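Multiple structures follow.
Two complexes are shown next, each including chain A; its partner changes from chain B in the first to chain C in the second.
Moving on to the complex of A and B:
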C-alpha cells in the first residue's frame, strides 16, 4: 500500500517538477540564460490564479488561465527589461554577460518576491483545484486534483514536443540551441526566436506554478527553493538537455518521496542534494548532458 | 495708567497662547512596534497598535502628549529584530517596544531589553522560556513583559477544551500530537503529553515537523496508519499547506489544537475553504464578546483593514492601552517607573482582564489565566465563519465536521 502511495505521489510531484524544469532548461539551451527569477515567476502565476479564481470570482479555470497569462507577461518583462538590455549592452564585456544575466535575474526575482510578499503577505496561497474530490486507486485515497495535475503536466509536455518537432518555429528553436549563427545565416531573426522561447517558458513556468499552487499551496517564501529545485534538476539532467531534465525530474521527485515516506519528511531534499554533488563530481555534464 | 490696564489682558492672552502652543508642540511619546509585516499573524501587530494609538490620541493622548507608533519590519529574522530594537532605543528614542509573535525573535530581544533598560512586551510569542528568563534574573530582565499566553497555558487550554468537546462529546480516546519544530512548541508539546492523558486521551505518537515542510502527505499518511481519533496540532509558522492537504486528501481525522494562522479571517480565502472543520485555540474571536471591548475593536479593525485581526492583533491593541496607562501612572517614561506601573496593571482589554504575575512566579510577567482573568476559547471554522464552540458560556454554535472526518461514536 505504501509503495503504491509513493508511486502515485512521486509521479504527481515529478510531473510538476518536469514541467517547470523543462522551461528552465529550454531557455538555457536556446539563449544560454540561467533565469534565477524562475521561482518568482512560478509564484506569481500561482498567486494571480489564486486571486482571480477566488477573490475576483473567475473560478478555477479562469483563474488558472489568467495565472498562466501573468506568467507569460512576467517572463517577457523579465526578458525585456533584465536579460535583453544586459545581452545588448556594450558596456559589459562579452565573457561577463552570463554572470551579469545571472545576477540580474536573481535580483529581479527577489524584487518580484518582495512585492508579492508586500501585497499578498508571505502566507501560502492555495489555487482552487481544477477537480475536487478523491479517487480510490487500489486502496490509496488520491485527490482527483493530483491525477489532473499529472495529466495536464504530460499533455503540456506532449504539446511542447509537437511544437518543437513538428512546427517551423519549433525547429528553428532547436536549431538556435545547436548553432545560432547558422540560423541567422539562414535568414532567421534571433530576437524573435528568443521572444518565442521566453513565451514558451512563460507558459510552462505558469502551468507549473498554478498546478503547484493547487497541489501544495505556494508562498512568496518558496521562490528561492523553487529556483534551486529547477536548477538542481537541470544540472542533474544536463544543462540544456530537455530529455535529461525530464529524467532528472523523475529521479528527484521519487528520491524526495522515498525519503519523505521512508525516512523523514524533514530531510526530503537532502539525498537529492547529495546525489547532485556526486553527479557534478563524477559526471559534470549531467545524466544526459551534451559534452 | 490706562496703558497698563490694556497690557494685562494682552499679557494673559499671550501667556495662554504660549502655553497652548507649548502643549501642542510637546514631543510625542513613541512606542516601537517590531513585527514581520508580510505575515498574516505579524501584520496585525502594527495595525492594531496604530488603531489604539489613534483612539488614545483622539481623546487627548497621554499626559498631554500624543502617542506615536514607530514600526519596524523584522522579516521574521532575529538579527533584523535586534537591529530594529537597538535603533528604536538609541536613535528613535522610543519609550516602550511591542515586539513580534515569534518566540525565537523575542528570546533574542530579551537581553537587549535588559541591557538598554528598554521596556518591551510581546503580543504573540508563546515560549515559556521568555517568562522563565525574567524569573531567573529578575533584576536585569524585569523590563520584559509576556503579553500572550505561555505555551504551557495554551496546551492546558486545549486539553480543557478537548475534555469537554472530544472526550465527553464524542468519546475520543486516542490522539497523535503534530507540532512544528520551533521554540514555542517545546513546552507546548511537553504539556500536551502530560495533560492529554489527564483528560482521558492516550497519545499514540508525537510528530515534530519541519516548518519548511511543503508536502504533508507522508505525515498524514503515517498518522492515519496509527489510527488516532484526533490530531492535536501545534502549528503557527505553517498553516495553509497542512490544512489544504488535510482537506484535499480527505484525511478522516479531525484537527484540533493550535493553528495560529487560522485565527485570522483571511485564512478561509488562503485555503479556499479547506479550513472548514478545523478547530483552533485562541484568546478572542470575531463576534464573541469576551469583554465589552472585543467586538468594537474587531469591528473597527475590520472596517479599517478589510480583514479581522489575528490573535496578536487583539493583544497588540491592548498592549498600547496598558502602556499608555502605565505612562500615566508613572508620570512619564522613566523605564524603572514604567516597569513598576506595568506590574500594577489591572486592565480589562479585548481578551479579558490583564493582571501580571509577579517575580515570585516562574511565569514572571505573564498575565494570570483563568476565570476572571484571561481564558482560552476553542473556535471552529464553519462555512466561512469562525464559530466559538467552547467554553459553553460564550459558545456561538456546536462543533461539526465535514463529511470526510470520522469521529468515534
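Moving on to the complex of A and C:
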C-alpha cells in the first residue's frame, strides 16, 4: 500500500524534475551555459500562472499557457541581456567566461526572485490544478492532478524527442552540441540555434514550474533550491546528456520520496546529496555522460 | 602598480581605518564595519582560490561554517577560552578543506564547483539533523564574546583583515602566486614547465580554508552566537562570491573593498526595504557586464596579467 503510494508519488515528482532538468542540460549541451537563474524562471512561470488563473480569472488552462509564455519570454531575456553579452565580451578572457556566466545568471536569478517577492510576497502560491478529483489506483487515492502532471511531463518530453530527432532545426541543435564549428561551416547560423534552444528551454522550465506550482505550491524562496536540484540531477546524469538527466531525475525523485516516506521528510535531500558526492568522485562524467 | 606601492598604500588605509573610532564614528557604524571586514576576509580567501588557482569554490561557507562551528562547540560545551577555540576552528577548516579538496581537485570546472556546493548543503543538513547538539537553525549561544566595546571588536576585525590582506597580497605577487596563476590559466602548460600543479592548488585551498575558518571563528565570537543563517547558509557563500567578483578578481584586496561596499550599500538602501537586495544584485551584474575587472581591477592587476 505504502509502496504503491511511494511509487505513484515518486513517479509524478520525478517526471516533473525530468522536464525541468532536461531543459537545463540541453542549454549546457548546446551552448555550455549552466543557467543558475533556472529556479527563478520556474518560479516566475508558476507565479504568473497562479496570478492569471486565479486573480485574473482565466482559469487553469489559460493560466498555465500564459505562465509558460512568461517563462519563454524570461528565458530569452536572460539569454539576451545576461548570457550573450558575457559570451561576446572582449574584456573577459575565454577561460573565465564560464565563471562569469555562472555569477551573472546567479545575480540575475536573485534579481528576478526579489522582484517576485516584492510584488507578490514570498508566500507559497498554489496554481489551480489542471484536473480536479481523485482517482483510485489499486487502493491508493491519487489526485487526478498528479496523473495529469506525469502525463503532461511525458507528452512534453515525447514532443521534444520528436523535435530533436525528426526536424531539421532539432537535428541542427544536436549537431551544435557535438561540434558548433562544424555546424557553422555547414552554413547554419549559430545565433538562431541558440535562440531556438533558449526558447525550448523556456517552454520546458515553464511547464515544470507550472506543474510544480499545482503539485506542491511554489514560493519565491524556492528558487535557489530548484536550481540546486536541477544542477544535481544534471550532474548525476552527466552534463549535457538528455537521457542521463531523465534517468537521474527518476533516481532523485524516488530517492527523495523514499526518504521522505520511510525516514523523515526533513532530510529528504540528504541521500541525494551523498549519492551525488559519490558519483562525482567515482564517475565525474555522471551516470550516462560522455567525456 | 608595483607590489611595494600597493602594500604601502594598504598599510596606510589600514592605519587610517584604525583611527575611525576616534573620528566620532558611532558604535552602529563600527558594528557594520566589523561584519564587513570579516566578510572581506572570506572574499579575499575565495579570490586566492578562484582568481589565482582558477578553481571556483561555490561553497566558501563550508570552510567558514566548519571553522565557526568547531570553535563555537568547543566554547559552548568544553568551555575552552576563545584564544584556543579560534585557532582550533581555523585548523578544523583546513582539515575539512583537505578532506574535500584532495579528491575534488581531480575534478575540474563545474564538477569541482558542484562538490563544494554539495558540501555546504550537507553541512547545513548535518547541523539541522543534530539540532539537539548543534542548536540547529536557531543557533547556539556562546558563553564568551571577544569584547563588549564596539571599538575593540572593530579593531580585532581590522587587525585580522589587515594581516590577511597583506599576507595574501604578498603571496599573490610572489613566485608561488605566479605559479598558481599559471596553473589556473593553463594547468597542462604549468605542469609541463615542471611545477606541481596539484600541490600548489592544494596549498591555495589550505590557505583559503585557514583564513576562512579563522575569520568564521572570530565572527561568531563577535556575534555571540553561531547559527546556520550566519555562517553556513548558501546565501553567505553567494555574498562572498559577489563581494570578490565586484571588488575585482585576481586582486585579493578587491574582496575586502567589495565586502565593505556591499554592506555599506545594503545600509544606504535600507529605506527601500525589500528591494535593496535587488538593487545590489543589479549593480553587481552591471559591474560584471561592463567592468569585468571589478572595482579595483584597473589599479591592481599587473600589466599584461
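Simple rule for what comes next: the second predicted complex is superposed on the first by the 291 of 291 C-alpha atoms of A that agree within 3 Å, B and C clash if a C-alpha of one lies under 4 Å from a C-alpha of the other, contacts with A are read in each partner's own complex, and residues count from 1 in each chain.
Rule of thumb we're sticking to: contacts are C-beta pairs under 8 Å (C-beta built on N, C-alpha and C of every residue); 3 or more make two chains touch, one makes a residue touch a chain.
These numbers come from a predicted model, not from an experiment.
Trainee: Putting chain B and chain C on the same copy of chain A, do they fit or clash?
Mentor: fit
Trainee: Applying the document's definition of touch, where does A:95 land relative to chain B and chain C: first, second, both, or neither?
Mentor: A:95: touches chain C, not chain B.
Trainee: Once the structures are superposed on A, label A:180 by its partner contacts, choosing first (chain B), second (chain C), both or neither.
Mentor: In the superposed model, A:180 contacts neither chain B nor chain C.
Trainee: Examine A:55 and indicate which partner it touches, taking first as chain B and second as chain C; both and neither are also allowed.
Mentor: A:55: touches chain B, not chain C.
Trainee: May I ask you to decide whether A:13 touches chain B, chain C, both, or neither, giving the answer as first, second, both or neither?
Mentor: first
Trainee: Touch check for A:169: first (chain B), second (chain C), both, or neither?
Mentor: Neither: A:169 stays clear of chain B and chain C.
Trainee: So, A:69: does it touch chain B (first), chain C (second), both, or neither?
Mentor: neither
Trainee: Just chain B (first), just chain C (second), both, or neither: which does A:266 touch?
Mentor: A:266 sits against chain B and chain C alike.
Trainee: Mind working out whether A:117 is in touch with chain B, chain C, both or neither, as first, second, both or neither?
Mentor: both
Trainee: Thinking of the overlay built on chain A, is A:141 touched by chain B (first), by chain C (second), by both, or by neither?
Mentor: First partner only, chain B.
Trainee: Once superposed, minimum distance in angstrom between C-alpha atoms of chain B and those of chain C?
Mentor: 5
Trainee: With the touch criterion stated at the top, can you tell me which chain A residues are shared between the chain B interface and the chain C interface?
Mentor: Residues 117-118, 266 of chain A touch both chain B and chain C.
Trainee: Contact residues on chain A for chain B in the complex?
Mentor: It comes out as residues 2, 5, 9, 13, 50, 54-55, 117-118, 121-129, 134, 141, 143, 145-146, 216-217, 219-220, 222, 257, 260-261, 265-266, 268.
Trainee: Flag every residue of chain C that touches chain A in the complex, lowest number first.
Mentor: My answer: residues 50, 54, 56, 103-104, 106-107, 109-111, 113-115, 117-119, 121-122, 125, 128-129, 185, 234-235, 238, 241-242, 245, 249, 274-275, 277-278, 281-282, 284-285, 288-289, 291-293.
Trainee: Residue numbers of chain A touching chain C in their complex, please.
Mentor: Chain A reaches chain C through residues 34, 82, 85-86, 89, 91-92, 95-96, 98-100, 102-104, 106-108, 110-111, 114-115, 117-118, 224, 228, 231-232, 235, 239, 266-267, 269-270, 273-274, 276-277, 280-281, 284.
Trainee: Give every residue of chain B touching chain A within the complex, in rising order.
Mentor: Where chain B meets chain A, its residues are 37-40, 43, 181, 209-210, 212-219, 221, 239-241, 244-245, 248-250, 261, 266, 269-272, 274.
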